[in-house]
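Once you scroll down, you'll see the structures, which are given as structure tokens.
Both complexes shown next keep chain A, but they swap its partner, so chain B is in the first and chain C is in the second.
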Partner chain A sequence: MERRSKITPILLLAPAILIFVFIFVAPFIYLIFQSFWHYETSYVSKQVFTLENYIKLFSDPYYWRIYWRTFRLSVISTLITMILAYPISRMISRMPPGKKGLVTTLIALPMIGGGMIQAMGWMTMMMPYGAINGILLSLGIIKEKMTFLGTETGILIGLVQSFIPLMSLPLIASLGAIDPTLEDASKSLGASPLRTFFEIILPLSIPGAVSGMVLTFMANLTMYVTPSILGQGKIQVFGSFVYQQAISVGNWPFSSAFSLFFLLIMGVTAFLSSWITKSIQKSIYKGNEA
Partner chain B sequence: MKEKILRISFLVICWAIILYILLPIIVLIVNSFNKSKFFEFPPTGFSLQWFEKFLVNKEYQASLLVSVKIAAVSAFSGILIGTPAAYAIKRYNFKGSNLLQTFFLSPLMLPSVVWALGLIQYMNVVRIGNASILGTFFGLISAHTVIILPYVIRMVMTSLSYMDKDLESASLSLGANPIKTFFGITFPLISPGVLVGAVFGFMVSFTDVVVTSFIGGSKYITFPVRMYSEIRSEGLDPLAVAVSAIIIIILVIVSFICEKTIQWSRYI
Partner chain C sequence: MKKFSMFLLLFVLLCVASTVIASPAEAADCNWDEATCEILDGADFGGRTMVVGVWGGTIEEIYRKYIIPEIEAHNGKVEMLLGGTSDRVAKVYAERENPTMDIAYTNMFESAKGIKEGVFEVPSADAVPAYADLYDVAKIDAYGMSFAALGIAYKPEAFEGEPDWPDLWKPEYKGKIAMSTFPGSDSEGFLTIAGYLAGGDDTTPDLAFPKLAELKPIPLFFANLDELFMMMDKGDVVAAAVFDSYTRTYIEQGANVKFSYPKTPGAIVTMDTLCIVNNAPNRDMAIAWAQMSLSPIVQEAFAREIYFGPTNSKLVLDEEAASKVIYGEEQANSLIRMSTYMTDHRDEIVERFNREIAED
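Here is the complex of A and B:
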């Protein structure tokens, strides 16, 4: 379609660009400035240049432990999410269109319902007399009540469940795009189902798996509702600490520095992980050709 | 035979995982009918008392109304701003359209906690007239619109790529002007995508806790934010569970209607 007017697209894009610049970009820029200002008292900072917030961040290992805990929980959660999301994505990707849509909607429900509702559901189950302990005790799997609320295990159970949809949706798309005749060919040539999976399906699904893992990992790093509800305030992670510093304490300069440095780590991690997976994928293809 | 056993055990594992995904929702709904208020398992008896209590609880009703208002206005402004933007990116080949697309989708990748932290400080100093926009309806709507826009833009772009572009060319070459072509041909064909954007946007805004708890202030306490602060200060109230059960039932029904009528999973 030939369109000569240059004004039209600008007019169509203007409202979106304006609101993004003023509401999305500007706060990040303001955050950078704030991180170099001096904290006077709650919600008030003095606009003089200082490095004190960053010095505080680097000098106290307490903050590093929060980063590390967040990072560690996110890695574990992302890996478990991957392991659980893969088989269901594979199953859904081979369903006929109508059924596929319905089951996709079913597994997307945690995402649609939002983190708060999921956390509430888990909270009722994780109470000392709740469903998890009740079922495990009656089945004889455990002898004494277990504690889930306020533990990392409890948080992980909730996080994995909430983030399976995020991992699954790109995976379903990329698994569904694999030509089924490839599998048939592999099978008719005598390859076992396992061999077909490892040499055909898995390599071809890597792009979807990677984008799902990056999305899930990022979401895990900034988790906030789930850890503060299921962690009962006992387990401090990045998101809950920022909320505490910014809303309860009101130390905006320090919480800004704390967040910006984390953002930097996130960016580096995302870049490295996508680079590593790309090279792994390349080596798999080369191995197959040889 | 061996392959059959393998396939059946695979299916069993898959449905067990799906049950795990849906567990909190199922349990929440079951618990809302529980007679006692301690969420013990197995439930002690059936009761509708928490729903009855909701009918007379003004605080929860007010919060729900705030949530609905914010979500409705934000979803509407989301499609109003997002649809033309998606159309421009998809239909006009200009330099940097890919970059612009990444820019519009970037809120999905960047941590909303960090953005919310910037937003509370920024809104605190941005003034309209004499008052800062922090904690105002305008402030909340503009933030929620930005939360929704990436979804709307992605969904409308998807529906534009499903649509046959030649129909637009035909309309233009037959003498219809671009505006008439858009409203007569393009919009009716992409309207499922726009509708999904609106519904999904409404849900995203309705369930948001992170951004709203930062910038909502004390005047606009949405339902999820009220839940969040109540649970943290007073623990879990069965009444809150009942109201959440109603919300999730509505969300589930709407989701399946959207799937049955316009196959919305294509856009998500």
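Here is the complex of A and C:
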């Protein structure tokens, strides 16, 4: 009887494990092997061990610039998204349940359409004679039209808009879980709204903020559609470069090496961000206890 | 018993009569050329689904109108995989041991490479009879599907007369010449022109890249002509190297744009091709598709609806339709034909483009 109870969970998990192995682990192992193969011509590689792809990757600063640009844009985008999403999430978290559900759905709605539709919409608005320049010119804020397409600013605008829902959803959940009586207690003891926010709301919402930031940061790092459309081929980031190398050029060994090293960077970044966040959380709680 | 025998005889006679009547009707229903009708006659695709990788838009619509109903009438189904040439070629190579695609449309450089490397079948009239009817220039390493010429789409107010390639390098147009995204047939063709103007050809990137870089800043790397013509209309772009067929569609719709076939060193010819994937899972269907696709009926639809120059020598276009496309072998041969150098050295060319042209 006891033996059956041990086997049952394994049997129940077996389909998921098999799918995971075939869909994720096996291609990943293949990717590792492929990164050590020799590129002959487009879409054709020779299965001989070589380090040439990694030597090319580490010896040429051009590829490091792509990594650095991707990382920099992701950090800036995540921070701006966080700053914009926080007040929205705070407002939604205080709404009555029915309204809260409706507004949360509305916030998440752009995600249903996918990144392509959003990026195409932004492209039309960011064109030299698009809506953004039109509004800024007509209001007299700018004298000459600004260039958004093919610039990092344009990509950032698109990324921030795309990921506000991703940041907001965990924040809404986290802020909504804070007991409202804590706020009342703080106020009744004479704390100002600012002090209540920094000493009660912010520390308690950190788990949601961290989840949102990690999700958004990772999504930013691997974004392909928005930089491709709004970058117009001028701004290479990780996603657009890997697509170009793998699909247009057909250099699968190098694109594998480029992706694997980036994966390593992402892993280290995720670990570091998690460690830093835990440290901040601990220091806040310690400060509050003191 | 006698009555029963009479009924039986009558029944047999009716069955024979219906078969005799039905057969000529079926043959008479075949609106294709003789060779296509022979392939389709009695074909039963057994409910199988063939996969065709092709561009979307009007090309897809033409196939849905002319070919897919015929495949379905013979108990077959078609799944269209829409996208660009690179997407298809990457998929065909990735699946080369176990292909799922039956037909892949590519450009002439990818088809030549694919045939050489064994991912596409070597074209032959034994497999696809329409191959025998193609112009010789459309038979080089491919089932040639259509011709187009790379020339200059320009804003009429910005130029006095039709611009030639060297005009785009004049100082007054600096920063106003757009390019399509790279790699791609248009942008690779334009790089080739830069090579020619610098004293080389399509195999001299060392000459071509510095010449192309003289045009910087490039105001737009366009992925579609809507973007290009919108910016041209506003004056931010005055010209770009594009194919005549696609530009003609916009001109016919009244866009404020003109097209020039440059003389120095000339316009570049390109050819879209149809490739039967080696070991295609539905080869019989692929052959029927290829035969119909290259037939005069479909070629005429392409010529009239999206201004693709026909490759089938049996198709005769009237004067008006002929004036809007690359028509006939002589005209196709009069244009510059690029070698496979760019395809063979794509990794190096793309790397150089990324660094020397794309980045401001």
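The rule we apply is simple: the second predicted complex is superposed on the first by the 275 of 290 C-alpha atoms of A that agree within 3 Å, B and C clash if a C-alpha of one lies under 4 Å from a C-alpha of the other, contacts with A are read in each partner's own complex, and residues count from 1 in each chain.
Heads up, the rule we're going with is that contacts are C-beta pairs under 8 Å (C-beta built on N, C-alpha and C of every residue); 3 or more make two chains touch, one makes a residue touch a chain.
No experiment lies behind these values; they were computed from the predicted model shown.
K.L.:
Based on the superposition on chain A, does the combination of chain B and chain C result in a clash or a fit?
P.N.:
The answer is clash.
K.L.:
Between chain B (first) and chain C (second), which does A:75 come into contact with in this model arrangement: first, second, both, or neither?
P.N.:
Neither partner.
K.L.:
For A:95, using the defined touch cut-off, is the partner it touches chain B, chain C, both, or neither? Pick first, second, both or neither.
P.N.:
Neither chain B nor chain C is touched by A:95.
K.L.:
Could you tell me if A:224 is touching chain B, chain C, both of them or neither one (first, second, both, neither)?
P.N.:
In the superposition, A:224 contacts chain B only.
K.L.:
For A:256, decide between first (touching chain B), second (touching chain C), both and neither.
P.N.:
first
K.L.:
By the touch definition at the top of the document, which applies to A:127: first (chain B), second (chain C), both, or neither?
P.N.:
both
K.L.:
Could you figure out whether chain B or chain C reaches more residues of chain A?
P.N.:
When the residues of chain A touched by each partner are counted, B comes out ahead.
K.L.:
Have a look at where A:244 lands relative to chain B and chain C in the superposition and call it first, second, both or neither.
P.N.:
Only chain C; A:244 stays clear of chain B.
K.L.:
Once chain A of both complexes is superposed, is A:236 in touch with chain B (first), chain C (second), both, or neither?
P.N.:
second
K.L.:
Looking at the overlay, does A:62 come into contact with chain B only (first), chain C only (second), both, or neither?
P.N.:
second
K.L.:
Touch test for A:41: chain B only (first), chain C only (second), both, or neither?
P.N.:
Once the two structures are laid over each other on A, A:41 reaches chain C alone.
K.L.:
Which region of chain C runs into chain B, 93-101, 111-119, 255-263 or 291-299, after the two models are superposed?
P.N.:
After superposing on chain A, the stretch of chain C hitting chain B is 93-101.
K.L.:
If I apply the document's touch criterion, which positions on chain A are contacted by chain B in one structure and by chain C in the other?
P.N.:
Shared contact residues on chain A: 43, 123, 127, 129, 229, 233, 246-247.
K.L.:
In their shared complex, at which residues does chain C touch chain A?
P.N.:
Result: residues 86-87, 89-90, 93-94, 113, 117, 181-183, 220-223, 227, 230-231, 234, 236, 343-344, 346-347, 350, 354-355, 358-360 of chain C touch chain A.
K.L.:
Would you pull the chain A residues touching chain C in the complex into a rising list?
P.N.:
Result: residues 39, 41-44, 62, 123, 127-129, 149-150, 229, 232-234, 236, 244, 246-251, 254 of chain A touch chain C.
K.L.:
Mind listing the chain B positions that touch chain A in their complex?
P.N.:
Interface residues on chain B, with respect to chain A: 3, 6, 10-11, 13-14, 17-18, 20-28, 31, 38-42, 80-82, 84-85, 87-89, 91-92, 94, 100, 103-104, 106-115, 117-125, 142-143, 145-146, 149, 153, 165, 168-169, 172, 178, 200, 203, 206-210, 213-214, 224, 227-228, 231-232, 236, 240-241, 244, 247-248, 251-252, 255-256, 258-259, 263-266, 268.
K.L.:
Would you mind writing out the residues of chain A in touch with chain B in their complex?
P.N.:
Counting only chain A, the residues touching chain B are 1, 3, 6, 8-9, 12-13, 15-17, 19-20, 22-24, 26-31, 34, 43, 84, 87-88, 91, 100-110, 112-125, 127, 129-131, 133-135, 158, 161, 164-165, 169, 193, 215, 218, 221-222, 224-225, 228-229, 233, 238-239, 242-243, 246-247, 252, 255-256, 259-260, 262-263, 266.
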